[in-house]
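In the part that follows, the structures are each spelled out as structure tokens.
One chain, chain A, links the two complexes that follow: it is found with chain B in the first and with chain C in the second.
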Partner chain A sequence: MPLEQAVGLATDIAILSLLALSAYLVLLVGRISFGQQAYFALGAYASGMASTLAGWALAPSLLLGAAVGAVASGLLAWPTLRLSGLNYAVATLALAEMMRIALMRLHFIREVDGYTVGPQGAEGFRDIRWLLENDVSPGAFLLLCLAVLAAALLVLAWLRPRRLGLALRQVGHDEVLAASQGLPVLRLQLLAVAAAGALAALGGGLYAHRATYIEPALFDPMLGVHAVGYALIGGLGTALGPLLGVMFDIGLLEATKVFAGWRMVVFGGLVALFLRFRPRGLLDEATVHRIGAAWRHFRRTS
Partner chain B sequence: MNTRSLLLLALLLPAALTATAQSRRPQVDLKCEAHGMGPLLDCTVRLRGADGQPLPGAGVTLGATMPSMPMAHTVKPVKALPTAVPGEYRGQLTLEMSGAWAIEIDLTGPVRERVVRVLMAEECDGDGRCPAPPARR
Partner chain C sequence: MLEFLQRTLDGWLEGSAYALVGLGLTLTFGTLRRLNLAYGATAMLAAYVGAWLYARQGLPAWGVALVVVGLAALIGLYVERLCFGAIGSGGSTQGHEGRGSATRVGGGFDGTEVVALASSFALWMQLEQLAVNLLPRHLNAFPDLAARTEWGFFGLYLRPDRLAVAALALLITLALTRWLMHTRGGLAWRAAATQRTAAGLVGIRVGQVQATAFLVACALSGVAAFAVLSLEGQITPMLGMWMLTKGLVAAMLGGLGSVRGVLLGGWLLGIVEAHAQAAFGAVGREFATYALLFLVLVASPAGRSGLLGRGGLRHAA
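This part shows the complex of A and B:
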């Protein structure tokens, strides 16, 4: 594989991993969201508009996108988290579709330096050119994406053994038991869902700047279903699970290219087969526990 | 480095990364024809500089992704090679199915640019060739 293509693929994996981590965060508190693509879209549009129309630099544009994603996700979660599991999943899907259709109605065109730019409804939003204008190479952008992903993973790893991390997992295992132990279940779920919105939006902002072109059709339910799939395939044992899930998924998609038109059929069959034998994913809780025990044994004996 | 220095750095970073003056962009025309199984997509890219003159000597790479599955449903990028006509480049993409495809044109060399056009690529009947028009949104 040529270097350019490998850099592009690695960048895609890093960006999709942020989306997968957002789905993982929601799964961690015992909910399934098929709507994370909506916050990915909001982040893409918000950060794209900030850098293209307002002339903001990349870093504040991405932060704005993340903030928009967190606020939107938190606000929508406030009424929907009161729904039971399956109803919540359907509500996230419906809200995401509403948001995608709303983006098809979004027209906000301005003239910048002699060029007409901005979202043009279903025609999309072209010329998000911050990387080109500032001569950021694909390799440098890959490093930025990896740094953002590493920061997100570090925060999640830091949180895992702490009070908040344990409380989130407790809520995910059994909401009723967590409530009976005095944990503020709704508040913890709101926090996780808002953080998940921010992560997805951050990924969306990076995607918009990499692709230079976005349109509502990019953010359809398939993206949200894949995001949940990444987390489930990778396993919920640690935050590295979704990352593995993305690599497995993209690796399998690349490997099945030889099947040409039948590729997606073969790909879907292989994923179904995999989940038949590893229903809790590659890095499930038991595997993480076994790896941890083996590591502790190795340290004791060496 | 103490916390105050880190905060100062974080505040100054956006200013340091602020966009520089915009360069004039090249004009990029894309025409594609579908044929065969897949379908295969023969694409011709015509480049002109901001002054309207043909732009030879550019590196042109063509890629394609299905908008319905960004980053996952992509095809292998190919180099478009210059033809005898100045500023004209040709390349062939092997798509996996009919439908709307976002064709990504990456330029390197005298200009660095990325242009995306969404086309509708359908398999033609028999051995014919048919144009891939802009996808209706």
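This part shows the complex of A and C:
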């Protein structure tokens, strides 16, 4: 595989991993969201508009996107979080679709340096050219994406054994039990959902700048359902699970074009079979624990 | 005024098709407490095979109808075995939280619910790809049973074929409700849906009941797909997604699991969509669908969603 293609593929994997991580965060606190693509879209539009229309640099644009994603996600979680299970999943799907349709109505065109730029409703948002104008090579952009992903993973890994991480996991495991032990369940869930919105929006911002062109139709439910699928296939045991799911789908199956038009036939069947025997994904809690124990044993003996 | 009535009538007819589509979903959810995401794709693959036979082998319309309904049930069997088969077979297959744990009432989901969602989603992708591989073009011919005439009365117009679909939806709903509420077989279904363990103890073969309900639901999806497609005379790859979203919205509006509810939910959805389209255009129509769904979900009291009370397989959630 030529290097250029490999770099592009790795960038895709990193960006999608952010989206899968955001779905994972919501799953962690006991909800399934089919609507994370909405915050991905919000981040893409917000940071794209900041860098093209307002002339901001990439980093502040991405941060703005993340902030918009976190705020929107937190606010919308307020009425929805009291729904459970399937109702929550469908409510997030409905919200995401409403957002996508609203983006089709978003017209905000301005002239910047002789070009007219900005979102043009259903026709999309062209020329998000910050990377080209500032001569950022694909390799450097890949490093940026990987750095963002690594930072997100490090934060999650750091939180995992700490009070907050354990509390989040406990809320996901059993809300009533968590509440009876004095944990602020709703606030913890809001925190996780807002963080998930920020992660998805970060991914969206990176995506918009890499693709230079975005349109509302890109952010359809398929994207969000895929994100949940990645998290579930990879496993809910650690934050590495969603990554594994993305790599399995994009890295292994899409990159190697062995199956061509039959990719989904093979992949879909494999996943369904796989989940039948490993319902909590490849890296579930038990496996993570076992790997950890084996590693400690290995360190002690060597 | 007349225009308003006409629009309402059109919406009601369209809504009857939604109700027909949603019936299978609500039946699956009622018996299994699981959402089958592969629902639309199952009907779509069956309809694609029907369209293929129609175009290549010259199968007549009634033959296509039989093939679509039969195949939908057959593909349903495959989906059930792979994604939902483990649910009825005993406590050990339940998620890590155990079945019906009292502390789960407040929220969250159990392990098998997530797994069923994920694996039925995977099969959705698989079945849709199979259908597209069979007939790669975007538009494909389907037996056309659309009526060429319109009936007019008091200044209102309606197409008899759409009326037939509405009658079919009403008929199936009534028959199903009657069967569920007034026969011993229906009682067994309801018992298996409400209290799996207790139903097993009184001698109901719960796994078998659930599998049968699943097959019936998939066969119904085939009926719905054939009814909707034969009005259009064509089939596109959008069918799977369309059936799932419209059916799900109709079923959720009426309260997922309620057989009567899905009829009313479908009607409501159709009428609201028709008026939204007149007021705000095609984009507004789509927006109205999801806005209505969201409002109903958020505004309904905790523990039970939907506009209507019980009926059919609906029970305390």
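Annotations for the structure displayed:
Criterion: the second predicted complex is superposed on the first by the 296 of 302 C-alpha atoms of A that agree within 3 Å, B and C clash if a C-alpha of one lies under 4 Å from a C-alpha of the other, contacts with A are read in each partner's own complex, and residues count from 1 in each chain.
Here is the rule we use: contacts are C-beta pairs under 8 Å (C-beta built on N, C-alpha and C of every residue); 3 or more make two chains touch, one makes a residue touch a chain.
Treat the numbers as computed from the prediction; the structure is a model and nothing was measured.
Superimposing the complexes on chain A yields a three-chain arrangement in which chain B and chain C fit side by side. When the two structures are aligned on the shared chain, A:W130 is found in touch with chain B, with no touch to chain C.
By the touch criterion stated above, A:L83 is placed in contact with chain C alone, chain B being left untouched. Judged by the touch definition given at the top, the superposed model places A:I15 against chain B, while chain C stays out of reach.
When the two structures are aligned on the shared chain, A:L106 is found in touch with neither chain B nor chain C.
This overlay, made by fitting chain A, leaves chain B and chain C with a least C-alpha separation of 6 Å.
For the contact definition in use here, the residues of chain A common to its chain B contact set and its chain C contact set are 261, 263-264. Contacts from chain A toward chain C in the complex involve residues 27, 30-32, 79-80, 82-87, 89-91, 93-95, 97-98, 101-102, 104-105, 172-177, 179, 221, 225, 228-229, 232-233, 261-265, 267-273, 275-276, 279-280.
Remark: chain C residues 35, 37, 82-83, 86, 95-97, 101, 103-109, 111-115, 117-130, 133, 241, 248, 252, 256, 283, 286-287, 289-291, 293-294, 297-298, 302, 305 touch chain A in the complex.
Contact residues of chain B toward chain A in the complex are 13-20, 22-23, 25, 38, 61, 63, 67-73, 76-77, 96-97, 100, 102, 104, 112-116, 118, 137.
Residues 4-5, 8, 12, 15-16, 51, 55-60, 112-113, 115, 121-124, 126, 129-130, 132-135, 207, 211-213, 215, 217-218, 220, 222-223, 226, 249-250, 253, 257, 260-261, 263-264 of chain A are the ones that touch chain B when the two sit in their complex.
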